[in-house]
Structures are given as C-alpha cells and as structure tokens.
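Mind looking over this structure? Questions follow.
Chain nomenclature is as follows: A, B, C, D and E, assigned in order of appearance, with residue numbering initiated at 1 for each chain independently.
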Amino acid sequence: MSGPLRVAGRLWPVPVIVALWELLTRYLEILSFPPPSQIAASAYTMWLTGPAERLWLTEAALENIPASVGRLLAGWVLAGIVGITLGVALGRSPLLFRLIDPLVQFARAIPPPMLLALFLALFAIGPRMQINFIAFGIVWPILINACEGARHVDRQHLDTASVFGLTGRERLFRIILPSAMPKIFAGLRVSLSLALILMVLSELIGSTDGIGYQLLDAQRSYDFPGVWATIVVLGVLGYALNSAFLAAERRVLSWHRSAKQTT
Amino acid sequence: MLEITNLSHTYGSGPTAHNALGGINLKVAQGELVCVVGPSGCGKSTLLRSIAGLIRPSGGQVTLNGTRVERTPDNLAVVFQDYSRSLFPWMSVADNVSLPLRRKGLDKPRRKQAALEALEEVGLQGASAKYPWQLSGGMQQRVSIARALAYRPALLLMDEPFGSVDAQTREDLEDLTLRVRGLHNMTIVLITHDIDESVYVGDRVVVLSKSPAGIVGDLRVHLPGPRDQITTREHPDFVHLRAEVGRLVRGMRSPSTSTP
Amino acid sequence: MLEITNLSHTYGSGPTAHNALGGINLKVAQGELVCVVGPSGCGKSTLLRSIAGLIRPSGGQVTLNGTRVERTPDNLAVVFQDYSRSLFPWMSVADNVSLPLRRKGLDKPRRKQAALEALEEVGLQGASAKYPWQLSGGMQQRVSIARALAYRPALLLMDEPFGSVDAQTREDLEDLTLRVRGLHNMTIVLITHDIDESVYVGDRVVVLSKSPAGIVGDLRVHLPGPRDQITTREHPDFVHLRAEVGRLVRGMRSPSTSTP
Amino acid sequence: DTTSANAGGLEKASIKMGALPIPDSAALYIARDKGFFKAEGLTVEIEPVPGGAQAQQSLMGGTLDATQTNYVSTFLAVSKGQKMKIISDLYQAAPNSFNLMVPKDSGIKTPADLKGKKIAVNSKQNIGTLAVTTVLKTHGLTEKDVEFVEFPFPQMGAQLASKTVDAAWMTEPALTAAQKTIGAQKLADTMVDSTADFPIAGVAVTEKFATDNPKTVAAFQRAIAKAQQIAATDRKAVEEILPTYTQIDAATAAVITLGSFPTSLDETRLQRVADLMLEQGYLTSAIDAKTILPGNLG
Amino acid sequence: MTRRNPLDSRLLCGALGVAGLFCVLEVAGRAGLIDPLAFPLASTVLGRAVALVTDGEFLSDVVSTLGAWATGLLLTVAIAVPAGLLLGSLPRVESALRPIVEFLRPIPSIALIPLALAVFSDRFDMKVTLVVYAATWPILINTMYGLKDVDPLAKETLRSFGFGKPAVLWRVSLPSTAPFIATGVRLASAIALIVAISAELLGGGTDGIGSYVLESAGGVDATQYVIAAAIWAGVIGVVTNGLFVLAERRLFRWHTARTEVV
C-alpha cells in the first residue's frame, strides 16, 4: 500500500464516528451539543476566513494558536528537563527519594486550578507564569516515570557497569538513562497531552490571548459551536503533537522496539 | 594478590535463609589462573560476586592487594554467567566492548580499534555493528568475553565463560585466554563445569563442596607449558589430574588430596 | 513425524540481512532423539525456533505429522538456550513448572504433584517454593528442563539444555532425558555443543555447517542400549563416532560421512 | 412532605436551587431561614454554584431546578436559543455598589485615562464589561480602547497591587477589602446614568419547568417576594444573613455598600438590560423582556 | 553497621523534606519575596488547614470527594487496563482506534465540565464520568508501553507450550506489565483526585472539597481557604500514594528484588 492510502486506511474510523455523532446530535437536539457540521462551520469562520496571503488563517487563529502552542511547548520542555533530572536523581538516590518523595506526592495531588493563585502571586500574569504553571502541572508523569525507570534498572546491567568501573557519568548516560528511556517516553507522552489541558487552564484567568482564552470567550457568549470548535482544535493539535512525538520516539527507541519484538 | 579469609554468605533471613558460602579461605597470587569447579548451585557465582564487591558477604573478608574489598575494585573485569543480560541492548556490539575502555583513557578511535581487535580475536569480526539481540547465544557470550579481554584488567573473573560455544571455539577461547593472560600478566579466577578445561587452563584447580560451599580440594597443576590442546591433554599428569578433580567433584575424597 | 523441507531463513532485510539457514532437509521419525551440533552462531537455534513455529521461515517448510507448522504446534515443549529469561520471575519455581500442565487439563493438586516430581528428578526438591531469581544459573536451567519434562510433550526441543550444570549433574540429566523419552515415546531434537553428549544421547547426530547453516553430516548412532555413562562411553563405536562428529564440526569432511 | 405538597396543589414540592455566595442572593436565604418556603409547602435546597454560566448549564442538565442568574448572561443565553424564564428579581445596583477601582498611587485619574489599559472584570461578556463600557463611552472611549481580563473578585486587590491590571471592576465585599488592604481608590461608580439602578440578578428556571409547574413557581414567587420585602426594608436582616452563607463576617457586613432588593419582577426594568446589551453589541437582535418571563405573569 | 541510621526512616525523611519546604515558603513570605496579599504566609495557611480538621462539614466534604475519587478510579482501572491490553496486543485495533484516542486524550476535562453539567442531572455521575475520562489516559498509555517491554522470550516460552494468545496475555504479558500498570494507576490516582475536586470547584454542588472551597470563595481571605483545602488535597495524595506503594511492594517483590537500588 502506498503512503496516503495507508494513512487513509488508518483513519477510516474517523468519518464513521463523525457521522454517528452528527446523527445523534441532530436527533437529541441538546443546545450545548451541536452537530459536527455546525461545529465545522463555526471552526471555519473562527480560524479559516482570513485573507489568502495568510493561508486563509484569521487574525484569531494567528494570534491565539501560535501563542498557545509556544507556551505549551516551552512548558513541556521545561517539565521534561526538570522531571527527568529530578526523577532520575530521586530514582538513584534512596536518601533523596526519602526526603523529596512525600513532597512530590503532595504537590502532584493538588488540583492545578487551586494553584493558579500561587502562580499568580509568584510570577504575575503573562507567559512566564503560564509556562511555569503548565510545567508544574505536567511534570509529575515525567518525574514519576523517570524515577521508576531509574530505580528499576536490571541489576545485571548495573553490576556489569560497576565491574568495569564505569564512572558515575557513564553509568548515568550510558546505562541508567537508556534503560529508563522507555518509561521516560511514556511519561513524556502523557505529559504532552496534559500540557494542552494545563495550557487551557492557564489561559482561563487573566489572559489576553490563546486557545483557552478563546474557549472562555465562546463559553461566556454561549456560543456552543464555538466552544466545540475550540475543543476540536485542541484535539487536532493534540493529535498532531502526539504524532510528531511518536515519530521522534521511534527514532530514539528503535533498539527497544526491535529488541522486544516477538518474531 | 587476592586473599579470601573465612568468607561466608547467607541469602535472605529467617526460615527461608540460604547459607551459600560456609567459610572459604583462598589465596591467589599475582598472575595466577585459578579454576573453580563444584556442583551446580553450590555457591561459585556467589564467591565470584563477593570478590567483585557486588555483594556484601555476611562474614569474613576479601582482600585485594592488601586492601579490603568493600566496593567494586578498580581494574577488574567480569564475564558473567548470565552473559545475555549483561550486554546492553541499546548499544551495538562494538560499543558494548569499547564502553569500559573509556576508563583506560583511550580516545575514541583507539577504543574502537581495540574493540574491533578483541572482537576479531573471539571470531566476531563481522558482528561489530550488530546489536546484542541480533546475535546467537554463543556469539553473545563471546562478546562479553571480548569486552573483558579488551579491558586488560589486573584481575579477571569469569563465570562459566565458554559454556555456550562449540567445542572448537571453546578451545580457541581457552587458548586466547591463556595467551592474553601471559601477555598482560593478569590474575584470573575462572569458574567452569568442564573438568578437562579446569585442568587444561588452570594453574590451580579449587574444588568446592555442595552448599554451603567449602573448599574440598585445591590442586596445583604442574603441566609443562606452553599448553597445547593436543599434547597437553595427552600428558599423563593431565589424565591423572582430571580423574582426581572428577573424584573430588563427585564427593569421593581421595587419599591424595593435597593443599599445596 | 517431523519433516523439514528446504528450510531457509534470513534475518532482517537490505544490506544488513543475515542468511541464517540455507535450505535444510531433515526427517525425524516418531520416538527418535536427534542431536544437532554445529559451530556457534551457525543457525541451530534458528532451526529450532522454526520447528517450534516461533519464527516464520523465509523459505521452505516444516511439517509435523503431515500438517504444515504455521503456528506453534500442540503438544510441544521447548527448553530455551536463554533459560533464565524463559522462567517467569513472578512465579515460584513450582508454579513455573506446573503452569504448562494446565494445558493438559490436570487439576491443581495433580499439577502440583507432577511439578514436585519433576523438580525432584532434576535434583531441585528443596527449591520448589523459591523464585527463579533466587536460584543459581544451573538450577534455573534445571527448572526449565523439569518444566519441559513434566509436560510430557510429543515433541521436545532442547537448546543446549545441559550447558550450565556440573559434569555429574549433566550425566544425570542426560540419563533422565533418555529414561523419560523411553517411557513416553517422545520425539526429541536436542542441540548441544558437547560432541560426546551428542553421541551418547542421540539416535542420530546431525552436523550443521557455518552460516548459512546446511547439513554437512547426518550420522546414525548404533550403540547397544540401554546406554550407560561408563560402558557406553567406552564402547569402540562411541569413540569412533565422536571422532567422526568432531571432524565434521571442525569442517574436515571425512570420507565415511553417510546419510542414512 | 408529599401530602402537604398535594394539599397546596403544588406540582413539585422540593426544589434544588443554585446560588452564588454573594450578597445578591440574600433573599433566598432569608426565605429559607424564616420558613417562607415551608409556609408555601416548598422544600428548597440551596446549592452554591461557582458562576452564572455553570449554573445555567446545571439548570439545563437538570441538576438544578432553579438558579440565581445575572441578567446579562441570561439574555445572552436566551439569544443563543437557551429556553429560560426569570421568575423572581433578586438584586439591583445602587450607587457605589459596583465601582471601578485603581491602585493607591495610580496615574489614572479619570476613566478617560484608561485608554490602552487592562481592566479586571469577574467575567467577560457580563454586567461588568457592560457597565464599564458604558462608563467608557461617556468618557469618549470604546470597548476596543481597553483590554478586559478575567479575575475572580477576591484576587483583584492583589492584581491591582502588583500592577498586573490597571483598574478593576469590583463589588462588595472585595471592594471594601481592597480599599482597606491596598488603599485602592475609586475611579468611577459604574452604576450611574444609563446603568443607574441597573437590574443585576434574578431567579431563573427552564421554560419547561415554568410551564409544567405553574403553581410551584407561583408559590416560590410568593415566598421570595416576602423575603425581598424584608431585605429591601431591613438592612439588619441582610447583615445578619450574610455571614451565614458567605465569607463576609458581621463586621464587614455592617460597613459594605449593598445594592437594593427589588420587591417585584418588572418587565420594563429588565428591558433596560436587553436594550443596553443590544446597543453595545452584546445582542445582535432585540429581545423582548416579556419573552423571558413566565406566561402567567403577563 | 547494625545501628539504624536515622536517615533510613522514610517517615522522618519525609517530615524533614516537608519541614524544609515549609520554612522556605515562610521565609519567602516574610521577606516579601511572595506578595502576602496574593499568597498568605505558610504559617497562616497551615493554621487554617489544621483548623479544618475540626470542621465537621469539611470532613464530610472530604469523604464525599474520596467517594467520587474511589468510584472513578475503580471504574477507570476496570476500563483502561483491559482497553490497554487490547490495544497493546492487537496492532490492527490499535492503529484503527489510535486517531480517536489521540484526539480525545488532550481534550481538557476541565473544558468539558460545562458541557457535562448540561448532560448529567446527577453531580456524582458527572464527577465520576469526568474522573474516568481524565484518569483513563495514563493507565492506558502505561499499559501499552508496558506491553512493549515484555521479554519476548517469556512470551515465546508460553507459546511453545501451546498456549494461545489470550493465555499468553493473561499469564505473561499482564504480570510482567503489572508494575508498569501500577505506575499508571498511581499517576491516575492523583489525576482522579484533581479532576474530582476541579469538577466540584467549577461545577458547584453541596458536597466535596471543591464545594467547600467554593462556599468560602467570596470572602476576603478566600485564598487562605483555597490553599488550606489544597493542602488537604495534597495530604490525601501522599496517603493514597503511600498505600499504593505499599501494595506494589507486596505484589511486585519479584520486580523490585531483581532491579531496585540497594
């Protein structure tokens, strides 16, 4: 099968589900659940009625989507750096683990909406606060997975490393990190989707642009097709980010896939 | 060089505790090659792990060049019994072999060079770019031997290193070990189940008893060197010694057992 | 019973492809014990995996009792070369052994009973409640042999099953295999590196060449039964056959090579 | 309970209603605590809701039978097709009850200085933005000249202090608190001229509820009317009830500026909201206030 | 060697860590690094949090939130683990459903609250549904990653004994994935708590920690209440996580014994 055909083959459930959804919403007629056709129309006017020289993107699209995605990625990268570093440190140092783990468990159970106040106090409103807020909200899956991955390295691998006198650095970068990588990637992937959620949350208070801001606007004006259009944009964005992530993962973890393949 | 005093080890505690080593005393001189034989499950690997500082023995101590082994000593290499799990699946075969060489301060091309040479010596010249899980069992075992030999350690511990290769390759590897040992004056402790092998490669053969392991025999092998697969194995001393070791392993204590 | 026709297998594709099997033809009769020997990395395990239906060979076919092997056939047991990874770490040794017996429709106490008996036969009566990772390498290997024997399969495939145990235990296990085979009329394909062993346990010894593997010798062993570790190994035919097999493995094709 | 309901001929004797913990809903609690609902054969359970929008959704979903609502979002929702009816009026602006506040040493002296500034409101597309825009208009500015950002009332003081926003549209008790803690100053009263005595909040039910339960609605209205009467005339009663359902303590309750509590549901007053919303572009077409009142009210 | 190092105690170390953070926050507050108007002093908040314990209303709110949390989490496990096993072991199904899954996953449950309000007439159902929706993903993803990590030789062993796909899944893939799934459940547990409280906070209602916060919201010192309640959410998180870890230690000794840091 050729590339586009294969993609089409993979995507066949999408039209089926959309069609069912259309039928169901038309039948139920709940105001807050408009049919997909109406959502599409609304999405079109919201994002795609701009001038041709800007690829038909509207001002709203150009203003909100890149701003949101930028903050999201910045927050995700920040969370990745902090989460992997701290997670591996906690995973390899029992003392550090005992000291910090309760705090980690504590912090990750606090609902982010409750923490907005703290972040507003620490950073004032703006991208800095939003990025930090996103990072704080999504760092946990990365941290916990990195910690688990680093804790549970095959003893035989570590014995081999210490027998050959590998330095701490080498142990970290050549043994611990690679063998924790599959778990870290699982964490990164969960976090990437969480980042979208936190991004929306961070834009619900005091923001002046972003997808969440637009969602709020639509909610406030009781524009349900608009609300759904933003939700759809979030879904599409999430799908795109996830696909990009999987492509990267396939490269980095190719050994893992092949080594664990049953023939 | 290596001195083991009254070494004992018990796994676990309470009713399920298992006493694996029951007071081992052993001295290995610099440059010596000591073979350890003994029944399956007696405690050979446990002894080796204690020497390597990988487990903290419950009693007694291991001293290396006068200092007590508390953590893994420097300049040591081990070929593990479970070789397949001791290779890193995310690295190519060549990388697996060259990784420890960083400790020797070699630069990248030199490391690469040394790894390729070692792989060639174990007959794996073609496999350097492959990953460990693309190799057969015997090839994986040879990679882990190549890794240990390329490292040129002062002390080399080998746990049934030639168990998964064919007879021909086994003999080649035995000779390779003897050659490398001679060139670099390594001290080697080698665990094996093959009694002929223990007599062929060893300067001494230490026989362990059923668990808890204790030393039931320590035979010095006085065979004329350099050893050779055909002539050495035909030497009357060889035949005599292997019968002797065989009897010891089977638990028939012979009158001629001697500690040198 | 088992018929292998023109079997070939290539791992991977493109420039890194590796041709492991190059057209193997072999027939094994019901109740026969065929030993396979060959140099390390030649493709023995690959052959065994093809028979077990664990890999889909690139060419040729394997037929078992007249039906082509597409997926794992029924009533089959395998002792893998990498035994430590084929035991389940979350189950006790006894559970590991009794697990396959569910397929035989035995109830729990009967399964337990059979597992304990099999463990006793391989000398592990005391270890049934332990976990695999609490055992030594040789003990793990014996657990996986016990698992296969307890299952009483019609076809038993063993990949270097006695490589990690001491000489005495090895002989016991060889005899155990012969005994169980006789009692239950199993067909066995056994891969080994020990040429003596191949002649001692085998009805036939098949010698494979360097990769891609092809059959370079197929010798019928006509030794008087029942075999015995001492007398059989002293039998002149035994001595002759092992020399023959040794020559074949080393690649010196002897004039007397015969296909029965 | 059921018997008394049947005795009174009520279609539905127990009502779940949503209310925000702010002074607007005082009469609901007065009616409950003084037994006015009981007297009508009604059992009313009051649930706190986080905001008008969520409350309206809960109304549609059926979690709530009735809810406190503000008029601006009600008209907005109705314009989008939501079928709701207002059954009682609750709260109406009074002078200085909704003020535009600036920090102590702000350079902003009049609303005209707000050009290009950030103004905090509790919710966009709501009374706050409507009222502030009206003030801006009288000072020659439009909605486009400023930027509205959403903050909850209790956080506005801190946002003013940290200069994250330049002005904030506040109501009690946050308003008094901001004056006390950070010395915030009043820039303008937003309830003057066209927004003077502006209707703020009422009680809404779904259209279906109103048509299915006319007697219940009437009973509810009678109870509320009595309570509104008390709230309108007896500030002490309001001061007493506030600490029971809000975080406003007695001392604060005594000093804050309260709006007024209208005693009748008046169509013409509500029409002012719709008209102003149309004028400011919140609505695209005119809505007759009559359509959101239950039919039997006429 | 036999004398116990005080730093070996999990409890003591945990307390030290918490005390450390408390001091940092308190000092930051007193030194004016954090605006005390926007974020009250750590000691103030702690006092408020402690006071909440004696508040019967708050306690019943906690119980109610935990009810939704537990129901939601149980349902999630019952849905996500089988779904993960299914997707992880049937590549065709996985590739067919992946677009849908990847589309749904990033949709914020919080954005769905207003919509959920319009559908559910029962708040508890609404909360549980949102909890299930949000908590499913980490378990699903971890299950799928765990399946990819199963030793192929272990699977082949069972296959060679003639066990079919379902048996291999049940007896090899599931147990060896279990530690991975457990991590997922631990992640999901916190998310479930977060969503339950957020749903109360943004959806209203009479019971639950979120509603408690809501009731205290209009006040001048609302932030104090919010943060005090947040502290309790955190404490619940620590306790439930501790219980999960204990359970994991008991269940997966085979996993830790071979791998854990000694």
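Methods note: a contact is a pair of C-beta atoms (placed from the backbone, for glycine too) under 8 Å apart; a residue touches a chain by one contact, two chains touch by 3 or more.
For reference, the UniProt names are A, E = ABC transporter permease; B, C = ABC transporter ATP-binding protein.
What you see is a predicted model, and the numbers here were worked out from it, not measured in a lab.
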Query = Among the remaining chains, which ones contact both chain B and chain D?
reply = A
Message = Top contact pair of chains, counted by C-beta pairs?
response = A-E
Message = Quick check: how many Å separate the C-alpha centres of chain B and chain E?
response = 49
Note = Between the Cα centroids of chain A and chain D the separation in whole angstrom comes to 38
Mean-CA-position distance for chain E and chain A (Å) = 17
Key: Per-residue multi-chain contacts in chain A, two or more chains   = 30-32, 117, 120-121, 154, 219, 256, 262-263
Key: Contacts with 2+ other chains: residues of chain D   = 53, 57, 60, 152, 155, 158-159, 162
Ask   = Counting only residues that touch at least 2 other chains, which ones in chain B make the list?
value = 82, 85
Ask   = Tell me, which parts of chain D touch chain A in their complex?
value = 53, 57, 60, 73, 76-77, 79-82, 118, 120, 123-126, 147, 149-152, 155, 158-159, 162, 164-165
Task = Sort out for me which residues of chain C touch chain E in the complex.
result = 49, 52, 54, 72-78, 80, 82, 85-90, 99-100, 103, 131, 133, 151, 157
Ask   = In their shared complex, at which residues does chain C touch chain B?
value = 11-12, 16, 18, 37-41, 43-45, 81-82, 84-85, 129-130, 134-139, 142, 159-160, 163-170, 193-195, 246, 249-250
Ask   = For the complex, which residues does chain A have touching chain D?
value = 30-32, 117, 120-121, 124-125, 204-208, 216-217, 219-224
Chain D partner contacts - residues on chain E that touch it in the complex = 35, 37-38, 113-123, 126, 201-206, 211, 214-223, 225
